[in-house]
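Below you'll find a set of structures to go through.
Same chain, two partners: chain A is paired with chain B first, then with chain C.
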Partner chain A sequence: MAEDLVLDTAIRDWVLIPLSVVMVLIGVLRYFVSKLMRTSQLPDAKIIKEGQVIIRARNLRAAANFIPAKAFRARRLYYTNEDNGLLHVPKGQAQNPQAQMFSDPNMAMDMMKKNLSMIIPQTLTFAWVNFFFSGFVAAKIPFPLTQRFRSMLQNGIDLSTVDVSYVSSRSWYFLNLFGLRGLFSLILGEENATDDTQRMMQMSGFGFDPSKSLGAEKDGLDIVQHDWVLPKFEERAEAVLRKRLS
Partner chain B sequence: MKKSPSIDPHSSLLRVRQSPPCFKNLTVVLRPQLPRQRSSRSQLKVAEISNLKIKMVSKTEESQLQQLENQVENRGGGAWEYLSLVRKLKLRRSDKVLKHGLTILNDPKKRSALGPDEWTLYEQVAIAALDCQCLEVAKDCIKVLQKKFPDSKRVGRLEAMLLEAKGSWAEAEKAYSSLLEDNPLDQVISMRRVAMAKAQGDILGAIEWLNKYLEIFMADHDAWRELAEIYVSLQMYKQAAFCYEELILAQPMIPLYHLAYADVIYTIGGLENLQTAKKYYASTIELTGGKNTRALFGICLCTSAIAQLTKGRNNEDKEISGLAAAALEKDYKQSSSSKLSLLSSTLRSLKIQ
Partner chain C sequence: MTNPDGEINKVIGKVNPRWRTAITAEFDSTPLAKFISAPELQKVEVMAGHDDSGASGKKSSENEVPTFNVENMQSNMKVVYYSRTFMSIIGGVIAGILGFTGLMGFVVYLLVMAITSVCLTAKAGFSIHSYFDSWNRVLMDGFLGGLLSFVLFWTFAYDIVHIF
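Take a look at the complex of A and B:
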C-alpha cells in the first residue's frame, strides 16, 4: 500500500477523458431528445380548480379575523358544507392516483417517455463502461480518504489493499453521472438542466392527492375560531392619530 | 370621443380601463385614492383612472426601474435591461417600451445580439404598440412573429388582440373563441374577453365572463378587484362588498381594500353596516399611519350617520372622530389652508365639532 501505483498516461487519454466527454455528450443528447418527446400537457380544469380552491380556503383561514363574523360564517359554510361545499370530497369519489393513471393512458405514456429517456441512455452507458473499462483504475485524487469512501470510489475493483484515493473507472462513471448537473445548467441554461434528482422528486411527488389536501383544508377551516380583529384596530387607530397630532 | 380599445400587455393584470400608457403612476402602490389624474392624450378616452393600482413591486425594484428608466431616457444605454425589467415586473409602460423596443428592433446588429430573446421583444413591442394604438407597428411585429412561428397559439392571440385593438369586435370574438376551444384554460384570453366586453360597454357581459373566469381561477385577486369595481360602478354594493371581502382575505394588510370595503358598506347603510364601516376606516387609518384623508373623512361621516340613526342614544365613544377631525384640520392647514373654512363648516354640519 505504501508504494504508489503508477497510472499509465494512456489510461488518462483513453479512459478518463473519453468517459467524461461521452457523459457530457449523452447528457446534451438526452436533453434534446426529451425536448422532442415532450408533449405539452394541457392542465386539467378540475385539478387547477382544486388548487385554486385550496389557495382561497387557506387565505380564508389565515385572514379570517379581518372580515366580519357574518361574512366569515357564510364563507365557511360555502367551503365546508356536506352537500356541495367546495372543499367537501364525497366519499368514494376520491380517486386514487394509481387508478387515475390507468384511466388516463396519456399520463402513463408521459411517465413512460420520461422514464425511457432517463433509463435507456443510462443502461447503455453503464453497459458500455462495464464492457470496455471495467477494472481500470482511472484516476487518483490528490488527498487521502477513509475506508468508507471505498465503495464510492472503487466500485468494480475488489481489492482491499488499493489505497482509497484511487478511482476506478466505473466509479468515475457514477461521479460523472451525478456530478455533471452544474455543467449542464451552464451549457443548457438554468432550468433546462437534465436534472436527475429533480426528476426523481417529481416521480415521487406524483402520488400527490389533491382530495387529501382538500380534506385537510376543510378540517383546518372547521376548527378556526373567528375573532374579529377590527375592534382592536379601532383602538390602535386612535393611538396612531393621537401620536400624529401630538 | 371615439372609444379606443386598450390592450393590456400582461396576463396577471386585468386592466381594462382606458388608461393611456403615458400614465406615470403605474408602479406604485399604496397611495390614497385622492386626486384622479387626467391625461392630455387625446385619442384615448380617459374616463377613469383610479390610482388604485396595486402592484407588488418592492422598493428596490422600483428604484432600480427608475434608475434604468432615467438612464435609458438620457441615451445611457441599457434599453434591453429596462425592457426586461418592465416585462418581469409586468408594468404598463407602453409608450416607453414601444420607443426603446423599436430602437432595438430597427437596429439589426442589436437585434441579433439578443438571440432567441428577439422574439420575446417582438411580442412585447407588439403589445405595447397595440396599447398605444400604433397599429401599423403592431401589425409588422406580429407579421414577423407569424413568419417565425406559423402555428403558434401565442401569435394567434396577438392577432386576435390586433383585431380587438382595431375595434372589430365580432372578428376578435371569433378569434378568441377559436383559441379558447383549443385551450379552454387560457387565462389571458379569458381576461381579454372581459376587457372586450367592457370596452364595448357591455358591462353585464363583462360580469358574466368574469364570473366564469373566477369560477376556475378563484384565487386571482386582480380579477376579484376588477369585479368589485364593476359592481360598484353598477351600484351593486352587496356583490361588491363580497368581492372586497375576498380581496381583504387575500391580502389583509393592504389599506386600500379596507378603505374600499368601508366605502361600500357605508353606502349600503344601516346601523350595523355603518359601525362596521367605521371600523374599517379605522383600520385604514391604522395601516396608513393616519395619512389617508378619505379614511379620516369616512370616520367623521360614519360617526355622524350613526349618531343620526341612534338619535344620540348610543354610548359609543366619539373620541376617534374628534381625533380624525383634528387630523384633517392639521392636514388642511398644512397643504391647503384656503379650504380650511370649508372643512370646518363641513365638520360642523356633521356635528363633530
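Take a look at the complex of A and C:
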C-alpha cells in the first residue's frame, strides 16, 4: 500500500491553490453578474396592496390578545366583513397565476437568466478543471475514510491502491463547490448567488394567487378566539406609577 | 455592552444596519404592529430580542404572557449562523495549520463550536430566553452546516502546510 505519497510542491502551487482561488473568484463574479442582469421590474400596485393587507391581517391575528375584545372585533369586522372587508375577494376576479406567468414574458426571462447565470459558470469551471487538472492527486484529507468514499473523493483516478484520503483535483473541485457556500454567505452578504433555490421560491411566490391567500387569511382571522391577556392592566400600571411617585 | 468576542461583534455589526431599515419598513403598515414592536427597536440596536421592560413587568404578575417577535428572532438566528460559519472557517484553518489529523480535528471542531456557543451566550447577557426561544438555537443551529466549511478549510490548510 502506498502509505505516504510524495506530492510535488508544484501541484500545490499550480493546482490546489489556483483551483481554490478560481472557485472563490468565480463565485464572486457570478454574484455580481447576476446582480447586473437582474431587471428591476416594476411591481404591480395591486399585488403589493394585497400583500400589505395580508401582512396587516397577520399582525392583527398574532397580536389579537393584546388589544381589548371590542377593538379586536372592530378590526376583525374591518377585514372580514362580506360587503367591503379588505380580505373579501369578489368572485371571478381571481387571476390564474399560471396564465399570468404566460402573459408576462419577463417573468420566464428572469427565471432563465438566473438559471443561466448559475449553470454556465459551473459548466465552464468543470470543463476547465477537467481539461487542465484531470488525473492529479491534488490533496489529502486529514482524516481516514472507508472505501465507499473512493468514487466520491478520487473521481478521475482509476487506481484502487491509492489510500482513500487522497483527493483528486476533480473531487477537490466538488468539495470546493459545496464547502465554499459558507464563505460566500460571509463575504457576499446573505443574498448571494448561491442560494438560488431560495430566490426561485420567492420568484414563484411572486406570482401567487392573491385571492387564495386572502381567503385563507380571512378564514384564519375568523376563527381566532379572542382572549384578552391584560385584564388587570390598568391596576398594574397604577401600581407601578404609584411606586414611582412614592 | 462589552463584547466578549470581536468576531461576533463584527458579524453583528454587519447584519444590523440592514435589519434596521427592514424593520422600519416592515412596521409602518399598522398602528397595531407599532404598538407591539415599538419598544423592541432599541433592543435591536445591540441584538434583537424581547422587550426588557415588558418582560420584567410581566414577571411580577402571576399570569406570564410570552411576547415574541418573529422577525427579531430570525435576525438573531442569522447572527448565530454568521458567527458559526465564521468560526468554523477560522477553526478549520487553525486545525489545519496545527496539523491535527483524524479524530483530533473533529474534537477541535466541537471545541470551536462550544466556544462559539459560550460567546453567543455571553453576548446575550446569559439570558438566552430573552433573545431566543430555546437553548437549541444557540447550542445546535448551524452545527452541521459549518462542518462542511470546516472540513474544507481544514483540508486546505493542512495540505498546504503539511503534505507537500
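Rule of thumb we're sticking to: the second predicted complex is superposed on the first by the 135 of 246 C-alpha atoms of A that agree within 3 Å, B and C clash if a C-alpha of one lies under 4 Å from a C-alpha of the other, contacts with A are read in each partner's own complex, and residues count from 1 in each chain.
Definition applied: contacts are C-beta pairs under 8 Å (C-beta built on N, C-alpha and C of every residue); 3 or more make two chains touch, one makes a residue touch a chain.
All values derive from a computational prediction rather than experimental measurement.
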After lining up the shared chain so the two structures overlap, which partner does A:59 touch, if you call chain B first and chain C second: first, second, both or neither?
both
Mind working out whether A:139 is in touch with chain B, chain C, both or neither, as first, second, both or neither?
second
Given the touch rule stated above, what does A:22 touch, chain B (first), chain C (second), both, or neither?
neither
Looking at A:48 after the superposition, I want to know if it touches chain B, chain C, both of them or none. Which is it: first, second, both, neither?
first
Let me test your reading of the model: by the given contact rule, A:164 touches which partner, first (chain B), second (chain C), both or neither?
neither
When the two structures are overlaid on chain A, which partner does A:68 contact: first (chain B), second (chain C), both, or neither?
first
Looking at the overlay, does A:11 come into contact with chain B only (first), chain C only (second), both, or neither?
second
By the touch definition at the top of the document, which applies to A:240: first (chain B), second (chain C), both, or neither?
both
Residue contacts on chain A - larger count, chain B or chain C:
C
Check the residue A:185 against both partner chains and state whether it touches chain B (first), chain C (second), both, or neither.
second
Which chain A residues come up in both lists, the one for chain B and the one for chain C?
52, 55-56, 59-60, 62-63, 66-67, 75, 230, 236, 240
In their complex, what parts of chain C are in touch with chain A?
14-15, 18, 29-30, 32-33, 35-36, 57, 61, 63, 65, 70, 78, 81-82, 85-86, 88-89, 96, 99-103, 105-106, 145-146, 148-149, 151-156, 158-160, 163-164
Contact residues on chain A for chain C in the complex?
7-9, 11-12, 16-17, 20, 52, 55-56, 59-60, 62-63, 65-67, 75, 139-144, 167, 175-176, 178-183, 185-186, 189-190, 229-230, 232, 236, 240
Applying the document's contact rule, which stretches of chain B touch chain A when the two form their complex?
183-185, 215-220, 242, 245-246, 248-250, 252, 276, 278-280, 282-283, 285-286, 289-290, 319-320, 323-324, 326-327, 330
Quick one: in the complex, what on chain A touches chain B?
42-43, 45, 48-49, 52-53, 55-56, 59-60, 62-64, 66-68, 71, 75, 230-231, 233-234, 236-238, 240-245
